[in-house]
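In the two complexes below, subunit A is the common chain; its partner is subunit B in one and subunit C in the other.
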Partner chain A sequence: MNLKHTAGLLRHAKRSLLILSLCTLGVGAAQAGPPTAQVNTTGLAVTDDTVKVGILHSLTGTMAISETGAQEAEKLAIEQINNMGGILGRKIQIIQEDGASDWPTFAEKSRKLLVNDKVAAVFGCWTSASRKAALPVFEKENGLLYYPTFYEGLEQSHNVIYTGQEATQQILAGLDWVAREKGAKTFYLIGSDYIWPRTSMKIARKHIENVLKGKVVGEEYKPLGNTSFGSVINKIRLKKPDVIYAAVVGGSNVAWFKQLKAAGITGKKQTLLTISVTEDEVLGIGGENLKGFYSVMKYFESLDNENNKAFVKAFKAKWGADSVIGDVTQAAYLGPWLWKAAVERAGSFDVDKVVAESEKGDIELSTAPEGYVKLHANHHLWSKTRVARWGDDGQATVVFESGLIEPNPFPKGYQ
Partner chain B sequence: MKSFFYNKLLGGKQGAIGLLVLALVILVVFPLTLDLFRLNLVGKYLTYAFVAVGLVLLWGYGGILSLGQGIFFGLGGYCMAMFLKLEASSPENTSIQSTPGIPDFMDWNQLTHLPWFWKPFESFGFTLIAILVIPTVFAFIVGYAMFKRRVGGVYFAIITQAIALILTVLIVGQQGYTGGINGITDLRTLHGWDIREDSAKYTLYFVNAFLLLGCVMLGRYVLTSKFGRLLLAMRDKEDRVRFSGYDVSTFKIFVFCLAAVISAIGGAMFTLQVGFMSPSFVGIVPSIEMVIFAAVGGRMSLIGAVYGTLLVNFGKTLFSESFPALWLFLIGGLFIAVVMFFPNGLAGIYAKYSQQLAACVKSGRGCARSLVEKLRSLRPGSRTGAGSQAGESL
Partner chain C sequence: MDGYSFADLQAILIMQGFAGISLFSVLLLMALGLAIIFGQMGVINMAHGEFMAVGAYTTYFFSSLTQNYLPGFLDYYFVFSIIAAFFIAGAIGYLLEFALIRHLYKRPLDTLLATWGVSLIMQQLFRTIFGAREVSPALPDWLLGSYEPTEMIDIPLNGLFVLGLTVLVTGGVFYLMFRSRWGLRVRATTQNRVMSGAVGINTKKVDRLTFALGCGIAGVAGAAFTTIASTGPTTGSLYIVDTFMVVVFGGAASLFGTIASAFSIAQAQSIMEFFLSGSMAKVFTLLTIVVILMLRPEGLFSTKVRK
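And then the complex of A and B:
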C-alpha cells in the first residue's frame, strides 16, 4: 500500500515533471516565436532566430552628410529592438547598402536588397528623387520601404510607409502661427528648384492667399547647390516682406544665411520661417548666422519630454556626444518601431499582411521622441508641428506646438 | 562578300577571335552563370559600353577627347523614356491626378496639357528615329561649330563638358517638361509588353548584347576602312592630312556624330532595362566616368572598352556592396593603378602578355618535344650523355 502509494507519488511526480518540462518547452517555443513557415509565406530572409532588413542611405556623395543621421537612428532603433528580444522572437540582422547620392544606385540597391537578399523591410532613401527612383522597384517586387524625410506629398504607395511629414502637415500650422503671432500679411517665398520646394510653395501660396488673405510679394527658385543669393536679397530689401518663407536645401543654406546676415537681414528685425533647416544643417550654417530665425518641423532635439530625453541620451551614447539629431533622424528612428508594431500585430513578416495591419490606421507609438504618433490608413503619420527659434548654440527653442495633425497627401484645394 | 565580312567587320583573324570570345562571354557565359538580378546589372553596364566604344573611335583613334558623351547617352535615353512615359501615363493609370492622361511630374508642376514637343513621342516609329537622329543632329551642330573653326584638343574637351552641364541645368530647371532632377521614372510597358517582367529582362539583355556587338563591328568596319587610316593620321599629324588636301573638319564631324549615335543607342537600351532616365546620366560626372571606362579598357581597343566598362562597374558594385563606406577609395585606387602601371589599359596588358604567352606556348611545345626525345633516350643502354643533354635543355 505504502509502496504503491510511493510509486503513485513517483508517477505523479514524473508526470508533473513531464508537464513542467513540456511547459518550459512551450515557453521556450513562445520565446523563440512562432514557426518560420507561419510567419513567412513569401520567401523572405527569415529563419527561426533571425530576420534580415535593409538600410539604404547615401554613405558617400553630397547627401551623405544629411543621411548619416538617419541611418544611425535606424541602427539605434534596431539595436534597441534586438536587446528587447527582437521581433516575433527573431533578431534583426542589417544589410547595409550605399545609395551614393545617386538616384539610379538607389534603384539598383533596392532591387539587390529585395531580390537577392529578400529582406523583410528596407529603411531608407532621403531625397524625393531617390524615393521616386526606388519606388517602382518596391512596387514591382512587393517590398516594404520606411521613408523618413518630410516631403511634398502627392504620393501614397502600397509599399511605402512615410514616417516624415507630408507638405500640408508641415506648412499650414506654421503659416497660421506666423499670421496670428506676428500679424504677417506679406510673404516672400524662396526655395531650391526641385519638386519638394515647388510643391511646398504652391501649397503655401494657396494658403496665404485663400485662407490667411495675405499677399505673396515674391516667389523665387534657385538651382540646387546655388551659392549666390545677392539678387534675391536685393529684391527682399526692396519688397520688405513681413515674412521670408524659405525652403533652400543642402549646402545652399550656408551661403543663403551667411549672405542674409552680411546684408543686415537678421532675426532681430526680420521674421524668417524656414521649412528646410534642421539641427543637421545648422552644423554647417553656424548658429550665429541663424539666430532669431524660425524653423517649422515636427521634431527638435531640444524637445522637453521623457521619451526624447531617453532617445537623445541613447543616440549620443552610441554615436558620440557631438552628434546632433534633426527632424529626419528622429523620423528614421520611428521606422523600425512602426514596423515592429505592425509585424507583431500581423503575426507575420509577409509584406501584404504587415501593410494590411498598418492600413488599419490604429498603430500607435507612445514612446516616440516627438511624442505620441499614430499611423494613418493613408501610410502617413499623425503628428504635431512645431515652430522653434534658433539660438547661438545651434539648438532651437520651441515657441509653438500644434495639436495632432491628420496627414493629407492629396490636399484638395491646394493643387 | 565573305572576305568583306571577315576582314572588314571582324578585323581579320586576331579580331575575329577577340570578338568571338566577347560574344561568348556576354551571350553565353553571363546568362548561364548569373542570376537575373546580376544579369540585369551586366545589361546596364553594357549600355555604358556603347559610349565607351564610341569613345574609342572618337578619342582613341580620332584623338578628340569629348568629356560630354553623357549628352548623347542622355538624349537617346530621354527619347525612349518620353515614349515609355506617355504609354505609362494613360488616363486610367493617372486618374488620381488633377489632369489625368499626362505624365505625373507635369501634373505636379501645374501643367494641364501635354507640351507640343512631347506629342510626337506617342509614336514608336518616331521615337526610334528620334533616338538616332536627334543626337546626330545635335552632334553635327556642335561639331560643325567647333571643328570648322579648328577648335580642338583641350578646348574641345572643356566645351563639351560645358554643354553637358548646360543640358543638365536645363533638364533640372525645366522640371515641368522634363521631370527635373527626379528624371522620368516609373516606366512600365513597351507597346503593352511589360518591360519589368523577368522574361522581358532576358529579351532586352540579348537585344542589348547583339546591338553592342553590332556597334563593335561597325566600329571595326570604320577603322579598317580608309577613313580609319585618315583618323589615325589626323590624330598624329593633323596639319599633314590637311596639306594633303583632305577636309579634316568633315571627318571629325563624322566621327563625332558616329560616336554620338552609338552612345544614344546605349542610352535608349539603358532606359528600357533600368526603367527610368534621369539627368544624373547627362552631366559631367557620368561623362568623365565613361572616358575612364574607355581608358581602363584601352582606348585603342573596341573590345577592350567593353571589358573596361564591365571591370570598372563590377568593381563599383562589388566594392560598394562589401565596403559601403570605403568603396569610393577602392575605385579611386583602381583608376590610379591602371593609369600608372597600364597606360594602355586592359587591352595593353593583353597585348603585352599574349605575346609572351604565345612565345611561351611555342617554346613550351618545343620544350615538350625535346623532353619526350630526352625521355626516349633515357632507355637503359643509352644513359650516358642523356642526363647532360636534358640538363641543358631544361
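And then the complex of A and C:
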C-alpha cells in the first residue's frame, strides 16, 4: 500500500514535471516566435528555433571568380540577421552547395536543396544560363530563389525574386546620360556572344535609334574567351564613334581593356561606357587600363552614404580588407533582407505566402547599401542607376545618379 | 569605304597588318611548346594551358614581390619573371613526366585523360593559392601604351614585345633542335626509339628533358600573355583549343608546319575579323581548317616518320 502510494506519487510527480517542462517549452517558443505548426504548413525545414536556407553559387570553375563575392555577401547578411535574433524567432542555418560553373549541376543541386533539405529559400545563381537551368526545378517544387545578377530581363517567375537590375533599368539611363552630357550621336556596340550582351545591345540599339535619334555605326560580338581584339579595335578606329558601348565578359574583358590601352585608346581620347565592369572585374583588368572609362551599374563600392559605409566596413571586417564589393555582391546582400521582410509580414515561411507579400509591391529596404529600394509587384526592384568614372586605384567615382527607376522586365518597343 | 581619307585607310592598313602579325606571334608562342610535346613526343598534353597559367602566375607572384619589397625594380622585374617562368614551368613539367607521363607512353589516349585530370587539379590549385578572382600583374611602363610613328598610327608596345619574344624563343628552339647534340638525340629518338637506345642514347632522359622544355616554353608564353590578356585559374583553358588547332593544322611532327600554320590562321582570322563580325570570322576560320584537314589529314607539312 505504502509502496503503491509512493509509486503513485512518483508517477504524479513525473507527470507534473512533464507538464511543467512542456509549459516552459511553450513559453520559450512563445517568447521566440509563433509555433512551428503555424509558420510552416508545407513541411519546410523549420524547427522551433531554426530555419534552413540554401546558398547555391559556383565555388569552383570559371564562374567562381564572379560568384565568390555574392555568396560572401549573402553569408554576411544572414549572420547579421541572426545576430538580431533571426526571423520569427528562428536562427537561419545555411546549407551551401557548389554549382561548379556547370548549368545542369545548378538544377541538380536546386533539387537537392528543395526536395531533400526542404530549405525555405535559396540565395543563388549568377549567370542567366544557371538561372534558366534551375528555374524549372524551382517552379515544379515551388521553391523560392533570390537571384542577384543584373540580367537581360524578359522573365518573371512566381518563384524568383530578382534583386539585380533588369536590362532597361541599367541601359536606358546610361545612354540618356551619355547623349545629354557628351552630346553623343554615334555608338559602337561590342559584346561577348551570348544571350545577355545580345539582348542588352538590342535594347540599346532601339533606344539609340528611336529615342535618342543617334546612329549605331557598328555592332560586334566576340566568342566567349576570345582574347584578340586587334581587328575590332582597328574597325572602331576607322568608324570613330562618339561612344564605345561595351558588354564584354570574363577573361575576354581583361584582354579587351588591355588591348584598348595598348592601342592608344584611353579615357582621355575616347568615351567608353560599359555595362559589364564592376569592382570585381577591375582586379583582373588593372585600374590603369580602365582609367577614365565609365561603368553603368546600380551600385559602386565608393557610394557615399551611411548604409554603404556600414556595409563596406562589415564586409571587410568579415572577408578581409583586400576584398572588393561589386554590383552583384551588393544585390546578393539584399536577398536575405528582402526575404526577412516578406516572411515577417506574412508571419509564415510558406513560399506562397511569402511570394504573396512580396507581390504587394510595397516591401521596402531603407537600409540597403545602394540606398532606398522597393520590391515591385513584378518581382524586380525599383532602383537607381549610376554612371561612374574609373580611377587607376580600381575605384569609381559616381558622376551621375538617376531617380528610382521602375523595373520593366518586358519592355514594349524594345523587343 | 566612302568618307574615309587615303591617309586614314593607309594607317588602318598598317595597323591591321600589325594586328595580324601580332596574332601570329601569340599563336606561335602558344603552340611552340605543344609542337615539341605533342609533335615530337606524341603526348596529348591537355594540361598545356595550365603550364601557361603557371607562367602567368609566376609573373604575378614576382610583380607583387617587387611591388612590396623592391619598388625601384619594377621596370626590370618582367624580364626576370619570364626567365623564372621558364624554369618553374619546366621543373613542374619534369616532375610530371617522371611521376605520370612516362608510364603512359604506350597508351596515348590514356595520356589525354590523365593530363586532363592534371589540368583540373592544377586549376583548383591556382584557385586555392591565388584565389578565384582574376589577377593582374603590374606591368612596367615601357610595356604600356603604344608607339606612334605618325599621328594616326598606334602600334601596341605589348604586341611588339610579344613579337620580339616569339622570334627569340623560336630561334632558340630551332637552334636546340637542329644545331645541338641534344636536338640530334631528340630527333633520333622521335624517328626510331629502339635504334636510338641501341646506339647509346638515354631515351628516357631525352623524353624527360623534351617534355620539360615544352612546358618551360608554355611558361614563357603564359608570362608574356599577361601583357595582353587575363590571368585566372581557368586562363589555360582559353588557350588550349587554339594551341591544338595550330599544331594539328601545321602537321603534328613539323616545327616549320607550326610556324606556317600559325601564320595562315592568324592572317585569315584577323582579315576576316575586319570584314565580318567576330563570331562569323571564327566560324569561317574553323571551317577552312576543317576542309583543309579533310583534304590533307596529316596537316600542312608532314615529315616522314618511321613508326
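Methods note: the second predicted complex is superposed on the first by the 384 of 415 C-alpha atoms of A that agree within 3 Å, B and C clash if a C-alpha of one lies under 4 Å from a C-alpha of the other, contacts with A are read in each partner's own complex, and residues count from 1 in each chain.
In the analysis below, a residue touches a chain if its C-beta (ideal position, glycine included) is under 8 Å from a C-beta of that chain, and two chains touch if they have at least 3 such contacts.
Computed from a predicted model, the values in this text were never measured in an experiment.
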Combined model on subunit A where subunit B meets subunit C, clash or fit: fit
Contacts of A:Glu97 with subunit B and subunit C, given as first, second, both or neither: first
Comparing the two partners subunit B and subunit C, which touches a greater set of residues in subunit A: C
Partner chain in contact with A:Thr60 - subunit B first, subunit C second, else both or neither: both
Partner chain in contact with A:Phe410 - subunit B first, subunit C second, else both or neither: first
Which of subunit B and subunit C A:Asp193 touches, first, second, both or neither: both
Partner chain(s) touched by A:Glu220 [first = subunit B, second = subunit C, both, neither]: second
Which of subunit B and subunit C A:Lys132 touches, first, second, both or neither: first
Partner chain in contact with A:Gly264 - subunit B first, subunit C second, else both or neither: second
Partner chain(s) touched by A:Ile285 [first = subunit B, second = subunit C, both, neither]: second
First (subunit B), second (subunit C), both or neither touched by A:Ala314: neither
Nearest Cα pair across subunit B and subunit C, whole Å: 5
Shared subunit A surface residues [contacts with subunit B and with subunit C]: 59-60, 193, 223
Subunit A contact footprint on subunit C (complex, rising order): 4, 8, 12, 15-16, 18-20, 22-23, 26, 124, 127, 132-136, 138-139, 144-146, 148, 154, 156-159, 225, 227-235, 237-238, 269-271, 273-274, 277-279, 281-282
List of subunit B residues in touch with subunit A within their complex: 35-37, 40-41, 44, 96, 98, 105, 108-110, 169, 172-173, 175, 180-183, 185-188, 196, 274-276, 278, 280-281, 317, 320-321, 324-325, 327-328
Contact footprint of subunit C on subunit A as seen in their complex: 59-62, 64-65, 68, 193, 219-223, 225-228, 230-235, 237-238, 250-255, 258-259, 261-264, 280-281, 283-286, 288
Residues of subunit A defined as touching subunit B within the complex: 59-60, 96-98, 100, 102-105, 107-108, 111-112, 115-116, 128-129, 132-133, 135-136, 140, 152, 154, 193-195, 198-199, 202, 223-224, 410, 415
